[in-house]
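The following blocks contain the structures, represented as C-alpha cells.
The following pair of complexes shares a single chain, chain A, combined with chain B in the former and chain C in the latter.
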Partner chain A sequence: MATVAAGPHRGAPGFARRALTSDHLAGWLFVLPAVFLVALFSIFPIIWGFILSMQKASLLSPSRPFVGFDNYTHIANDPLARQAAVNAVYYTCLFVPISIIIALFLAIALNQKIRLIRFYRLAVFIPVAVSTIATGVMFMWVFDANFGLANWALGGVGLGPFGWFDSVSGAMPSLVIMTVWGWLGFDAIIYLAALQGVPHELVEAAAVDGASRWTIFRHVTLPLLGPATLLLVVWSTISAVQLFDEVFFITRGGPLGRTSVPVYYIYRLAFTSSYGFSAAGYAAALAYVLFVVILILTLVQFWLGNRVVHYSS
Partner chain B sequence: MRTRKRKRTLVVAALAAIGLVAVACTSSSSDAGSPSGSAGGSGAPIELTMWHGYGKVIDNQGQTNYEAKSLTDLVDEYDAMNTGIHVNLDYIGSNDNALTKLTVALNAGEPPDITYQYGTSMPQLATAPGIVDLTDKVQDPTFNWSDFSQGAQQAATVDGHVYGVPALIDNLAIVYNKDLFQQAGVSPPTANWTWDDFVAAAKALTDPSKQQYGFAFPIDASEDTTWHYDAMLWEGGGDILNADNTQAAFNSDAGVQALTTLQQMAVTDKSVFLDQQNSGKIQQLFNAGNIGMLVTGPWDLSSLPDVNYGVQIMPSYPGGSHATIAGPDMWVMFDNNGHGDAAWQFMQWLTAAQQVKADSMESGHLPIRNSVVDEPGFLKAFDAKFPGEGLFAQNLANVTKARPVITTYDQISRIMAEAIVKVMLGQGDPKTSLDDAANQVNQVLGGG
Partner chain C sequence: MSLKHDVRATGAILPTRRTDDLRGEIGMVEKPRGRWLPFSPWHFVLMPAAIIMLVPLLWVVVTSLETLAQTQHFPPILWPGSFQWSNYPRAWSSVPFGTWFLNTIIVTVAVVISNLLFCSLAAYGFARIRFFGKTVAYFFLLATLMIPIQVVLIPTFLIVKQMHLIDTLGALIVPNLANVFGIFLLSQFFRTLPIELEEAARIDGASRLKVLFRIVLPLSLPALATLAVIQFLWTWNDFLWPLVTIFNDSHFTLQLGLMNFQGSHVNDTNLLMAGNVMSMLPMLILFIAAQRYFVRGIATQGLKG
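On to the complex of A and B.
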C-alpha cells in the first residue's frame, strides 16, 4: 500500500499530479519539438499524399474531386509508367552490382598501412561530398559528344566518338558511370570499416592452415563482410530506384524517354503541365506504388540476406 | 523532497525549452515570407511584391544585366513619384521555374502581388485563386489595349477574359555569322530565301574537321523544340490545330514538309548541331564561330559579342509566307489583401508608352506597344544601339498567328516535341511520327 508523504487525509496523488512529476513526462517534453518536426515534415505529408492520390488534383487550383482508386488502376494502362519502371530496373541492375564490387576492391586496396593512405582514402571519398549538380556539370563537360574530355581521350587511342548523354542507347550507361563515380567512396568507406573489423586471428589461422590469399578472401573475409554487403545492397537499391537529380539536370528523361526514371516522371506529372494540369493526384498514386515496391524489395533483400549472412557475435 | 523538486525543475525546464522553440518558430515564419505588408496606418505606403526572372542587376561575372537594370530603374522612378505605392522587386530565378514557384506560393497562400509568367502559362493561371481578371480594366481608353502587339493580346486572353498585361514580346528570325558565310563563299540570307536556300547554305557551311555546323537546333523536347518547328509549319501555310481547337492540324502536308526539312538537315546532311541539354551551348558555340546560322530571338544577341552577325527574316516555303512566331510573356496580378487596385495602378504606369520606350532603349526589349515601334526615328535609334534588333522589331509585322491559348497546350507541345526529336534523331519518319502525334493530341483535346 502506497503511503506517499503528500500530506494528511489525502489518498494516492491524482493522475495529473502523477503525470506532471513522473520521470517519463520530462523526457517526453524534451523530445516533443523533434517529434513535432518529424510529424510535420514526414507523417503529415505522407498522409496528405495518400489523400491526394485519391483525387484528380492540380496543385494550382483548389478543386480536387475524389476519384477513389482510379489513379492506381490507371498505372497499369500507362505506357510511360511502364517505361519508367523498365528504366529503373535497368539502372538499378547496373548501378548496384558495379558500385558494390568496385567498392569492395577499392576498400581492400585502401586497407593497407602504406604512406599517404589517409590521402588516398580522402580522395576516394571526395566525390561523395561533391553535390550531384556539381558532378553533373563536370560530367556534362567530360561526356560532351563534340568537345568533351572523354571523346578526346578515347579518340587518342582510336576509339570512335561516343554520344554519351546524347546517345539513345548510351545515355543510361553514362548515368551509371557518373553515379557510380559519385557513390563509390561511400560504399568503400563502409567496406573499409567492415574489413578492419575482420579478426586478424582468423586470417592468420587460415594462413597457417595453408590457405591461399584468394581462399582466405573467399572463405574468411567475404563471409564476414556479409552484413556490410547486405547494408550496401539495400541502401544502393533504395537510392538507385529513387534516382532524380542527375536525370533532372542533364538528360531530362531523354533522349526519347530512355532515362525517364520513376521519380522524374512523378515530378513532371505533378509539377509541370506537360501531362495536363490535374496530374498531381496520379503522381501521388505513382509515388505510393513506388514506396510499396521499394518496401517489398527491401524486405525481400533482408529476408534473403539474413539466410545468407553470418553475423559474428 | 529533493527528488521531486528536481523532477519539477526538469519539467519546468522542458516546458520552457518548448515554449522558446515555439515562439522562435512562429515569429520567424511571420516575419519571413509575408508578401504584402499590412496597409498600415495613414501615410504608410502600400507594399507590393513583384517577381521577375531577368536576373540580378550585376550578374556573377560582374556584368550589367540591362533587362534587370531597366526594370529596377523604372521601379525606382515610380518609387520617387511617391504615389503611396511601393514596389518591392524580387528576382526569383529563371522564368522557366516561374510557374512552379508561383504554384508553391499559391499553395502556401502567399502569392506575390505581381509576377512575370510565360504567355503559355496563361490558360493554367486563369484558374488560379486570387488572380486579377483584367477584362474590364483594359477597356479603359487611356490604357489603349489595342496598341499592344496582336499576338500579345491573344496570349493574354483565355476564354474571352484578360488575365495578364503584356510584359515582353519577341519573335524568331535568322541570326547568321557573316564571316563564316564569306569564308565559305556562300551568299548570306536574303528576305526572299526559301527553306531550300537555307538547307543548301547550312550544308555548305558544315565542316566536320573544324567542328563547324551550318545550323543548330534544340532537341531537349521542350517548348523550345516545338516553337521552332511551329514557325516552319506556319511558313508553309499550315496550322497547329483546326479553327475551333478540337483537332490536330499539324500533320498536314505543310507539317510534313517542315519536319522533312529538319530531317534532311539533321539526319541526311548532318548540318545541324543537335543540342540535347539546351543550356546555352548553342549560343556559346555560335559565339565561338562554330555555327553558321541560328534561328533565335533578340534575347540572344547580347550573348554574341564576338561574332559579326547579321539578322534576316525567316525563310518561306513556296506558296507560303515569311511568318514567324512570337512568345509574349505577361505580368500577372494577384489580389492580396485588397492590393489588386494598387497593383493595377502601378502596371498602368509601367506599360505606358513612355515607359515602354525607355525600357526598350535600355534593355533591348522589342517594344510591346505598336505606337512605340511606329514612332518616327525610334527604329533607327533602336537598331543603332542594339544592332540587328531593328529587324526583329520590324519582323513583329510577320507575327500573324499565335499558338492555341488553351489549357491543354503544354501537353500538345510535349507530344509534338517528342515527335520532332524522334525524327531528328533518325528514329522515325515525318509522316508517321506526325500522324501518331496527331492521334495523341486528338485524344488529349477530346478530354482524355
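On to the complex of A and C.
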C-alpha cells in the first residue's frame, strides 16, 4: 500500500522525504521498542547462556575462565543431576496424566447447561488466580501432619495418618496433588473452550443416526478434543519439567533429596552459597541441557500427536 | 510454576476461531427432565468437585479467624464460635505488608502499562505495516516463546546487575517491559479489524500513530483487557525472578513477603492464614470481576503465570 505522506515531512527534500515516509522506517519505528527489549532480555541472554555454559563462572566475580565442554561432560557424572532428572520424570509421569484426565472429565461436566453452572465453573477456575506461594502456605496447612484437614478427613474413612510433605515416599505425591489442584482450572478452561467448538450439527447428525450418548462422545466429541489434549500434554509436560516454586518453598528438595528437581538444582548451583556461588557456569550448562530436553520432548509429542490427532478443517 | 517464557506456539493447535465468552453462563435453566431425579445427575459430579476445589480456600479463611489454641486442636475446629477479626490487623502490623503491597502494585502497574503500550505499537507494526525484515523479526520474536525461563535466568541476572538494578524494583520492571505473548495476542486481534476505517483515516491525513490510538485501540478494548489481566496475573504472582533479584525486605514483592512471613510465623497458624488471605484477596477479586477476560486469555492462548 502506498504511503500517504504525513503532514510535517511534506516540505523535506526528495530523498529524506522518501526515507521518512517509507513503510520501512515507519514499520521499524513501531516495532523497535518491543523488538529491542525482547532482543536484550531474551535473545541476547540465550546466546550468553550458551557461552556461560562453557565457562567456570560465578555470579560474584567478573573473571570467567573458558573451560570448553567440561561443564557438559561433568553432568554425566553428577549423581545430584541424575537424581534431579529421576525426580522430574517421576513428577511428570504423575502430574501430566492425572491433571489432564481429571480436567477432561470436569470440563465435560462444566459444559452441561444446568443450574449453578456459573458457581461450579468459578470453583474449578479459581486456583488460576492463586499464586504458587499462597497455594503452598495453604496446602502446608491442609497437609499438616498433626492438625491438618487432610489427615482428619482421611482418618474418618480409616486412612492415614500421612506425613505428606515430610514423608520420604509421600512428598512427591503430595506435590502432585497440590499442583493438580492449582492447574485443574487452567486445563479445564482449555478443554471447555474446545468442547464448545464441537459443531452442533455433528452431534445432532450422529444422534439422528441413532448413536448412543457414549458412542457420540467416543467417536465424535473425543476425536475433536485431540488438538486441545495435545496442547495440554505438551504444556503440562513443559511446566512439570520446570517445577520450581513449590519445591523451593515447601520441601527444599527434601526429604532425602526426593523432591530435588532440575530447576531447583540449577537455582542452588547458581544463586546460593551451597556451592559457594561458583557454579553458575555449570548451572548454565544444566539449564541448556534441560532446554534441549524440553525441545525434544515437545517435538516428539507433536510428531506423535499429529499422527493420532484429527484436525477439523 | 513460572511459565512466562514458555512455549506459546499454540495458535496452530487450538481451533483458530476467536473464543468468545464460554457460553451457557447466564440464565441457563435446566430443561425439566421428568426422569428419576428432580435435578441433573451432573450435580453428583460437580458438587463434590466444587467442594474439593473450594475447601482448602475456605479452610484458610476459617483458620484465619480462629485463636491460636483453636488452630492447634485435633480434630480440626471447622467453625469457631467467635471470629478473631483482630488476627488481620495483627498480621498486617507484624511484618511490612503495606510496603510489600505497594511494591507489588508499583511493579505490576508499571509492567502492565508498558506492555499495553509497547505491545500495541509492535503489534500494529506487524499487523498493518509492510517493512523490510518484518517476517524474520516476527519469527524471531515468536521463537523466543520457546525459551524456558531457567535458560535465560543467569544471563538476565548478569545483565540486570550490569544495569545496577539488582535489589531494586527496577529489576522486576525493566526485563518485563514488553513480552511476546502480548504482541502476538494483539497483532492477531488487529488483523481481524476492518482495514477500511484505517485507510480512510490515512487518506484524510491522519498519522499512523493517530490511527492506532484513535481507531484501532478503541476497537480493541477486549483484547487489551485480556492482555492486561493476564499480564497482571503473571506479574503479581511471579516468584522465581523476584527471588533471585531482590534481597532487602523493603523491596520485597507480596510473594517474597508471604514466604518471609511464613518463615517467621510457622507456628502462628492463624496469623499466617490471615496474611495469606490478604495476599490472595486482590487477585481473587480481580479474577471474579474479570473472569471472562481471564478465560478468554487462557482459552485463546493457553497461559497461566
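As a working rule, the second predicted complex is superposed on the first by the 291 of 313 C-alpha atoms of A that agree within 3 Å, B and C clash if a C-alpha of one lies under 4 Å from a C-alpha of the other, contacts with A are read in each partner's own complex, and residues count from 1 in each chain.
Criterion: contacts are C-beta pairs under 8 Å (C-beta built on N, C-alpha and C of every residue); 3 or more make two chains touch, one makes a residue touch a chain.
Just so it is clear, the model here is predicted, and its values are computed rather than measured.
Trainee: So if we stack both complexes on chain A, do chain B and chain C clash, or do they fit?
Mentor: After superposition on chain A, which the two structures share, chain B runs into chain C.
Trainee: Is A:33 contacted by the first partner chain B, the second partner chain C, both or neither?
Mentor: A:33: touches chain B and chain C.
Trainee: Scan A:165 for contacts with chain B and chain C and give back first, second, both or neither.
Mentor: first
Trainee: Quick one: classify A:154 as touching chain B (first), chain C (second), both or neither.
Mentor: Neither partner.
Trainee: Going by the contact rule set out at the top, does A:59 touch chain B (first), chain C (second), both, or neither?
Mentor: both
Trainee: Of chain B and chain C, which one contacts the greater number of residues in chain A?
Mentor: Of chain B and chain C, the partner in contact with more residues of chain A is C.
Trainee: So, A:202: does it touch chain B (first), chain C (second), both, or neither?
Mentor: neither
Trainee: Of the two partner chains, chain B (first) and chain C (second), which one does A:194 touch, if any: first, second, both, or neither?
Mentor: second
Trainee: Between chain B (first) and chain C (second), which does A:23 come into contact with in this model arrangement: first, second, both, or neither?
Mentor: A:23: touches chain B and chain C.
Trainee: For A:276, select first, second, both or neither according to whether it touches chain B, chain C, the two together, or no partner.
Mentor: first
Trainee: After the superposition on A, what does A:146 contact: first (chain B), second (chain C), both or neither?
Mentor: Both: A:146 reaches chain B and chain C.
Trainee: Please pick the stretch of chain B from 57-65, 75-83, 147-155 or 381-389 that overlaps chain C when the two structures are superposed.
Mentor: 57-65
Trainee: Counting contacts the way the document defines them, which residues of chain A are shared by the two interfaces, the one with chain B and the one with chain C?
Mentor: The overlap between the chain B and chain C interfaces on chain A comprises residues 23, 25-26, 29-30, 33, 59, 140, 146-147, 271.
Trainee: Help me check something: in the complex, which residues belonging to chain C touch chain A?
Mentor: Residue positions touching the partner: 1-3, 5-7, 10, 13-15, 17, 19, 22-26, 28-30, 39-40, 42-43, 45-47, 49-50, 53-57, 59-60, 63, 71-76, 118-119, 121-122, 124-126, 129-134, 137, 140-141, 144, 146-159, 161, 175, 177-180, 183, 199, 202-203, 205, 207-208, 233, 236-237, 239-240, 243-244, 255, 258-259, 262, 269, 272-273, 276, 279-280, 283-284, 286-288, 291, 294-295, 298-299, 302, 304.
Trainee: Report the residues of chain B in contact with chain A in the complex, numbered from low to high.
Mentor: So the residues of chain B in touch with chain A come to 1, 4, 7-8, 10-11, 14-15, 17-18, 21, 99-100, 102-103, 106-107, 121, 124-125, 127-129, 211, 219-222, 273-274, 276-277, 407-408, 410-411, 413-414, 418, 421-422, 425, 427, 444.
Trainee: Going by the contact rule set out above, which residues of chain A touch chain C in the complex?
Mentor: So the residues of chain A in touch with chain C come to 1, 4, 6-7, 23-31, 33-35, 37-38, 40-46, 48-49, 52, 59, 105-106, 109-134, 137-142, 146-149, 152, 179, 181, 183-186, 189-190, 192-194, 196-197, 227-228, 230-232, 234-235, 238-239, 242-246, 248-249, 262-263, 266-267, 270-271, 280, 283-284, 287-288, 290-291, 294-295, 298, 312.
Trainee: Using the touch definition up top, name the residues of chain A that touch chain B in the complex.
Mentor: Residues of chain A touching chain B: 5, 20-23, 25-26, 29-30, 32-33, 58-62, 140, 146-147, 165-166, 168, 250-257, 271-277.
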